[in-house]
Amino acid sequence: MSEATYADTWRRPPQIVKRRAWRWALAIGTVIYLALALSTIEVDWQRVVVGLERGQRFAAGFLQPDFLSRWDDIARGLVESLTMTLTSTVVGILISVPIGIGAARNLTPAPVYLVCRAVIAVSRSLQEIIIAIFLVAMFGFGPFAGFLTLSFATIGFLAKLLADDIEEIDERQAEAIRATGASWWQLIDYAIQPQVMPRLIGLSLYRLDINFRESSVIGIVGAGGIGATLNTAIDRYEYDSAGAILLLIIVIVMLSEYASGYVRKFLQ
Amino acid sequence: MLQIDALSKTYRAGDRALSDISLSVPQGQIVGLVGPSGAGKSTLIRCINRLVEPSTGRILLGDIDLAGLGKSDLRRQRRRIGMIFQEYALVERLTVMENVLSGRLGYVPFWRSCLRRFEPHDVRRAYALLDRVGLLAHADKRADALSGGQRQRVGIARALAQEPELLLVDEPTASLDPKTSRQIMRLLTEICAERALPAIVNIHDVPLACQFVHRVVGLSGGKMVFDGDPATLDEAALSTIYGADDWQAMRQESQDDEVIESDARPMRVGA
Amino acid sequence: MSEITHYREVWAPRPPRTRLLIWFAWLLLVALFVYCWQVMTENTIWAFVSDAPRQAMDIGSRMVPPRWSYLPELLEPLWDTLNIATLGTLGGIVMAVPVAFLAARNTTPSTRFLRPVALFVIVASRSINSLIWALLLVAIIGPGLLAGIVAIALRSIGFVGKLLYEAIEEIDTRQVEAVSATGASAMQVLNYAIVPQVVPTFIAIGVFRWDINIRESTILGLVGAGGIGLKLQASINVLAWPQVTMILLLILGTVVVSEWVSAKLRRAVI
């Protein structure tokens, strides 16, 4: 077999952007953007040097957390966060199920669909913090505003994923149930619910987890929870208490992730 | 030349997958490895290049015992053994050429493989191999754009790019239709004959095996129960390999296949 | 037609014990909910709550019309916000990739030591919201864009790392086997068999996180970490509600555009 007739170089053909000119334009554009973006960062190095010492103190606080001296505040914050998390998740699920069904194109008439999708869009595009600012202004400081914030955010998250799920169901199963002469409610019960229920439970558990994590920030704007305690600790430069709070948050998130994995396995 | 001495494999759970296998494959011989699923065919093949660690025994390729090698020595020896896989095992998202060139990975330093700058003679060889398996025009396509038979040809080219001294072939036709299966087997036997390559072909389709291999080894429950010329593989031998009932059922199935094929309609038959 | 009498007439989808258990679980959940509700609302001043609709009307009426003339002033903070999100995402990805490879069971060099460390980094980064990271970083390196970028990057490590390491653990092992059978080194196996399989997922994750980061970076200014949130904070402090409306509209527009871009990009990759 003579191999002399074959080419002896090979270059990998470009996979995504096939035109040479476009590749160059993309590369140059990226470089220009990075240069422009990086140039907007102004760093006050003296401030950073001062800050590094604080950073060390924070790291030390994280390694040697102080749970005790602010324990009362921490405990109250945690209780607020946890109760807020649970109530808002439950209420959020209860509201997002009808909205989710309403936002599924294959089940509902156009006007209902548009209204439900609009609710979802508003809930999703506004940050929890921004919603919290408004709700605190309306309902006063404290966990009730936080509860409302998280419920509202849950709706955007769950209803959207639920609606997308319903839109992607196996149409043949729905058709088979329709063919039996079932009503709309029976259709939901027999064709839709069995297909989306496992994922709905999974998503709800996931949202419980997210709500807890969010409950630790909305306190910064006055909506109750552990975030308020954390904010105070950082403001007072009590990094060892702050470290303790962060560790508690991490541990609770780990536990809830472990637990939800277990629950999901149990349900399957 | 490959020589296997008293090879055994016990999995951690205590399942004995292979017990006391001894086998010697001379230059240019194609051995068909048959047996029911779970008989240890795949384990035996994978023990040879140590994708599965053998428990005891020796595997001599030339005069090097593969069973006792350390990590980097094993890497060097693996270059001498080309392997062709069930369901192709190509890297789907790489181009055909990269898949073939990946057969050279054991020979080139990391930077060359990372930049895809293989040495000129490697590239030339890869093109020649692609031409040999009839895919020269597809070199720049992505592997997942090819049909099943074409992908298995790329798999063959990849194994040959290693310039191996032995081919291990694991169910090469498992997901191919009967016609393509025969084409692939024919290509394999031709290539082995061209290079005097010994090969061990693990195959579940007994009639197909008998048509192409020089020697049949039957495994059952991790033990060698048959070793001989395909012509001597009679009903009695097959009943010991597969168990009497299963063999009857299998024969019936393959007859059905032949009937369907003789209808001369292009039709896929599930394996 | 003769009556069938020898079959049971009651049918239930689950055996009684399971049904009892499920019923009990629901009861427990309701009880827990009621209890949590009571604890949570213990200190709630219901007068404020009943007053809320009036407050809402009040704020609502002050918020319209938005102050359109404020828009030019917002463009530079918006540019900063986009930069925080983009540079933060890039930084997060750069740090997340090695962490993901250390955390994936099939690529980690040591399951005993490095894998738990990598998993802890991921869970720590995920548990702490970017606003908290920003709060800490503003205290440490001072207010400004850098704090925002680093905060976004630190939060992104966990997100990208987790999804990426799960993708790495789910790759097709036969392709890995095939490449190692050629005598390739560990790095070559990574390069030829593992990376090609995870690249599309990886890009999709990165783009997805960028989209999330755009939203997150709009509020980092509340704690002084730069961007449009600074303007929001300033407007709220002086109760300039028409300006707040303007800012919110701009944020909404940006989020919609970024979502559209990321959806397009993800579709192009997959």
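First chain written, first letter: the chains are A, B and C, and each begins at residue 1.
The rule is short, and it goes like this: a contact is a pair of C-beta atoms (placed from the backbone, for glycine too) under 8 Å apart; a residue touches a chain by one contact, two chains touch by 3 or more.
In this text the structure is predicted, and so the values were computed from the model without any measurement.
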item: Between B-C and A-C, the pair with more C-beta contacts; value: A-C
item: Maximum centroid distance from subunit C, chain identifier (CA atoms); value: B
item: Cα-centroid distance, subunit B relative to subunit C, in whole angstrom; value: 47
item: Where subunit A and subunit C are represented by their mean Cα positions, the distance between them in whole Å; value: 4
item: For subunit C, residues contacting two or more additional chains; value: none
item: Interface hub residues of subunit B, defined as touching at least two other chains; value: 98
item: Subunit B-touching residues of subunit A, taken from the complex the two chains share; value: 1, 3-4, 6-13, 15
item: Sites on subunit C touched by subunit A in the complex; value: 29, 32-33, 36-37, 39-41, 43-45, 48-49, 52, 55-56, 59, 79-80, 83, 86-87, 123-124, 126-129, 131-132, 135-136, 139-142, 144-146, 149, 215-216, 218-219, 222-223, 232, 236, 248, 251-252, 255-256, 259, 268-269
item: Subunit C-facing residues of subunit A, complex; value: 16, 33, 37-38, 40-44, 47-48, 51-52, 54-55, 58, 79-80, 82-84, 86-87, 90, 125-127, 129-130, 133-134, 137-140, 142-144, 147, 213-214, 216-217, 220-221, 227, 230-231, 234, 237, 242, 246, 249-250, 252-254, 257
item: For the subunit B and subunit A complex, residues of the former touching the latter; value: 95, 97-98, 101, 116, 118, 120-121, 123-128, 131-132, 139-140, 142
item: Residue ranges of subunit B touching subunit C (in the complex, touch as defined); value: 49, 51, 75-79, 81-83, 85-87, 89-94, 98, 102-107, 110, 113-114, 155, 158, 162
